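Below are structures written as structure tokens.
Shared between the two complexes below is chain A, which has chain B as its partner in the first and chain C in the second.
Here is the complex of A and B:
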């Protein structure tokens, strides 16, 4: 594979070499099961304990409030089912229209099982309609789940305020913070969330490890029932090496957090400005003020996202799109549709997401390579031809 | 990851005949911005009535652009009668195949061509036949029926892959299933009347069923089947490929081949293997 310009860090990230280094001894050297009694296994057990403390520290939690899981999706399912089991008589659940499929499809499935689900809308900028959210809280509400930051638009929600309001009503509040940690400050001392989901591979840890924060005192029932691991809250032998990697990654994420707000944010802004300057009929999707520092989602009118991605791919540039052809269905992304992004640009929306590894050189390369691609596809597009005629004052044939 | 053939990628990255023709003899347009893909096709004829020049403009994914480019290459130099016979499968074959969820791109090519030919012949824009079933993509029951018949579709998923119908909100899935059922039901109802089957018709139907239903399934496992003879209600076949040496081949013969033939041709049929 030739050189890659990786601009898809909201999908997954490069595992930090320091993380790999930390993990390696726990495959062939210290391979003991942390549940075993001998001190050989204790080496893994001790390291696991440290990893738990590091992940907890990243979000201001206590180590015993962290349950390791296999991924963000498992954390989400665990949280929601636990909340429902704790309140079997309550049949109303609330979430947003722009959640990741881990929550979206779970809530849709619960709706088919008889739960009344409120999907709270967002406005054109992707901001949550807080009035609708607060007005839909009632005595039958079992759980409210609102993501901290959106994976597609990067828009962040005011979780501290929402948690305060929801908690005042005595309702369980969960947030999917998978995209937020390591990019913006996330602190459970400031946000009164009951449960919070995170994932390792979005912060330069390996895939296949996640965690669920469960505030002390919150009623909890396990999702995976089995052994006594994770204090009886999640059965199954721990993914030791990956959890250790997650711990190291969390430590590094805390260390690099300021860099996200400065360097990464600067590069993102440069990329955005550069593309908008060179490409007419392009627009940023999402509130530029309340947004992750690493994400930009740009809609290019009259062209289709999959075609853009494939041309970028030819140049070794990795990004993603909310277009129908890439969303796995025939309709553009539910997030962009919820935001009311017009079809003219929803199909041609591209998300670039940076990391601390992104360089200015790479940004310059993307700014140079993307405009000719959009031009080329627009030259093929019938709608672009029509637009040009309209702008020139001609009347198109039909 | 994309699963496109090299030919699809080639036609996407180097599309042929992009653009428009001033004063074309025929123009056809299908799709819309909302649908996520659209194609506008222009052609000009020479004095012998053959397609001398053809151009396209396409909004859509890589396979939509490649299908359009392929179509223009395929029809250059053809008469309209010849061009009119090109099916969506021909376009897909020209490209070395399309991922199944992208088959609708080839259907779009075929439809644009048909429209352009109708436009040349001065036929009025055909009124949409039938009732809208899929609201998201505006597909009618007649169009779904036609797609099912032409491409032997048997599931909602396949209908979505080829026609897009059902690919949006999903509320029309029940109706699409009804259409599939009614078509397959109608087919078997019409053939399940013994006495009406002449020998010739029966043999023809056996051949068709083998070709359309049975051989593709066996081929998936590297096997194949050949029809040797039909003697009364005895269907004599020879197993080939991996089937010829497979220990389970008798089970396949009895429980798959024979049952399928009984279901689709006539219940009296018995399948026998000749070595």
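Here is the complex of A and C:
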């Protein structure tokens, strides 16, 4: 395997070697089941407790407000079903048009089961239409779920304000903060969310572990029914090593948060400027101000995103079109469509997402290698030929 | 940490170092998201594919019949909800009185939601009352779920026969085979089950990964709704490293299966004989013939199981009373109660469960150390004093 330039950190991240180091003793050495009563198992149990405190600390929560799950998707399902079970008579639910498939597909499934779903739109910059959101709140609304930051555009939503308005109406508010934690400050003391989903593998912990924050006092019913684990709130033997890794990753994420706003943000901006400078007919998708510091989503007109990715892949550059969880589909991203990005541009949009491991050298490499790729692809694009001719004053119909 | 004697392998197992070795490259080196389109992520994707084939092979299934989950509990919930969704008009469900809490608590919860639940009893040996099971099958039965092997007593049920009878009635049959795989042959070509749950951490893979076998052609609806992972059958980024570890563990389990029937079974028998020989008023709970080769559950009359475990713990011996998933409760195990084990004995029942790592030296140590513990505890037990007096011909009331 040659060296790769990994620019797809919103899809998943490299597990920090310090995280792996923390996990290692809990495979073959301290492998007890935390539910067991002997001291040997208590070693795992105690470390689990510390991990819970660390994940809680990252979002300003209390340890007992954290329920460990297997992923962001499970956290989301747990939150939504719990909210619905708490309000069995309410059949209206609200979310946005740009959610991750964990919420989007769940709400679409609930819609088929008889729930009335409001999908709140976004504008061309990917900003949420708050008026529509607030006007759709009514006495039948069981839950509102709005993501904290969009995985594709990186655009962030004003969760603190939204939570305040939704809570004032006495409605349960959930946010999918999977892409937000570790990148921007997320604090449940500032944002009155009832429930908040996070995932380990977006912050340099392993895949297969997530958590749901449930504010003290929130009515809760478990999604995974079984043993008494997680204080009776999630059955199943705890994923001990990965939870311990998640704890360490949360600690490191808190430590590196400032670096996101400085170093990572600087590199992202450099990348964006470099690409826009060298490539005509390219533009950033999404609000350039209210945005994650690590993400840029750039639309290159008249080329196919899949073709760009294929050529980037040959050079060892990892980026994505749309979300990893929906890739493989030939449809342009539902997020970009919701933003009204034109078809010609949505198809050729590429997301670059950085991490604290990204280097300036890598950025320079991407700035150097992407423009010739776009040029080559445009040369073989019939749409581009038309554009060129139009710009030169020719009529392509001739 | 002093050396421990680990006799609680039905609670969880040591991760085989060969398993850890397979997992390691997928944390900080090949950390791509298998859903991503570039070659770097394909490395994880390909290895995942191989792991799926290995887990499938352990139970005689096809790779595409395996859905990876986060644990046995999730596998169980996935199976049962899928069966119910496939038969929305049928409101009768059947299980046994001795299931693991993943099924027991789920069925109790469904009972509160309006389902009629038949809990099939067992006899004193822990054997299932097949007549009751078969007679309770009717046209309203949506699903039958019977565990393959009991986690506490080790007693195995005739799944091949049960599956045949249930399937003949056109009813969906699920089995929780979490305790069976790796200990006895489990083959979906011999047993006509529709769905079968397994878990990694009972066969020396890490905690936090399981799988559900779904026979080709079985109607299925996902429990975790989200991305297109697992062929659209389970949303959420795959737990790549742990799944790869599960694959390796499945391969090793197949390799070591014969050893379970010989070496491990021999050690279990030696342990059982040794304890029964040196301790009066002790007896094995459960059918000594139809039983897992690694498990013995022994009732010591007139002592408290918790007290025994506490004293064993001080000697570094790990065993359990009841299931790890219900321990901490002061109630005697629901499994032993279902078997009609008398109160005096059920309270003092201890499960020893061995693995391929168990040594004869460890067995000798347990045989040496347990009898004095039971003696000491009986000396301070008022019930025991009565018994002693009764045996000597005194009347304790005097």
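As a working rule, the second predicted complex is superposed on the first by the 388 of 398 C-alpha atoms of A that agree within 3 Å, B and C clash if a C-alpha of one lies under 4 Å from a C-alpha of the other, contacts with A are read in each partner's own complex, and residues count from 1 in each chain.
One rule holds for everything that comes next: a residue touches a chain if its C-beta (ideal position, glycine included) is under 8 Å from a C-beta of that chain, and two chains touch if they have at least 3 such contacts.
Nothing here was measured: the structure is a model prediction, and the numbers come from that model.
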Tell me which partner A:369 touches in the superposition: chain B (first), chain C (second), both or neither. neither
Once the structures are superposed on A, label A:343 by its partner contacts, choosing first (chain B), second (chain C), both or neither. first
Once chain A of both complexes is superposed, is A:109 in touch with chain B (first), chain C (second), both, or neither? second
Check whether A:235 is in contact with chain B, with chain C, with both or with neither, and answer first, second, both or neither. second
A:270 contacts which: chain B (first), chain C (second), both, neither? neither
After the superposition on A, what does A:306 contact: first (chain B), second (chain C), both or neither? both
Please indicate which partner A:383 is in contact with in the superposed arrangement: first for chain B, second for chain C, both, or neither. first
What's your read, chain B or chain C touching more residues of chain A? C
Touching A:331 in the superposition: chain B (first), chain C (second), both, neither? first
Report, in rising order, the residues of chain A that make contact with chain B in one complex and with chain C in the other. 306, 310, 313, 323-325, 329
Where on chain B is chain A touching in the complex? 2, 9, 12-13, 15, 18, 20, 27, 29, 33-34, 36-40, 57-62, 64-65, 136-137, 160, 164, 167-168
Could you list, by residue number, the parts of chain A that touch chain B in their complex? 302-307, 310-311, 313-314, 323-325, 329-332, 343-344, 347, 379-385, 397-398
List the residues on chain C that touch chain A in their complex, please. 1, 4, 6, 8, 11-17, 19-20, 24, 27-28, 30-33, 35-41, 43, 69-74, 76-77, 100-102, 105-106, 109, 199, 201, 206-209, 224-229, 235-242, 306, 309-310, 312-313, 316, 318, 320, 323-329
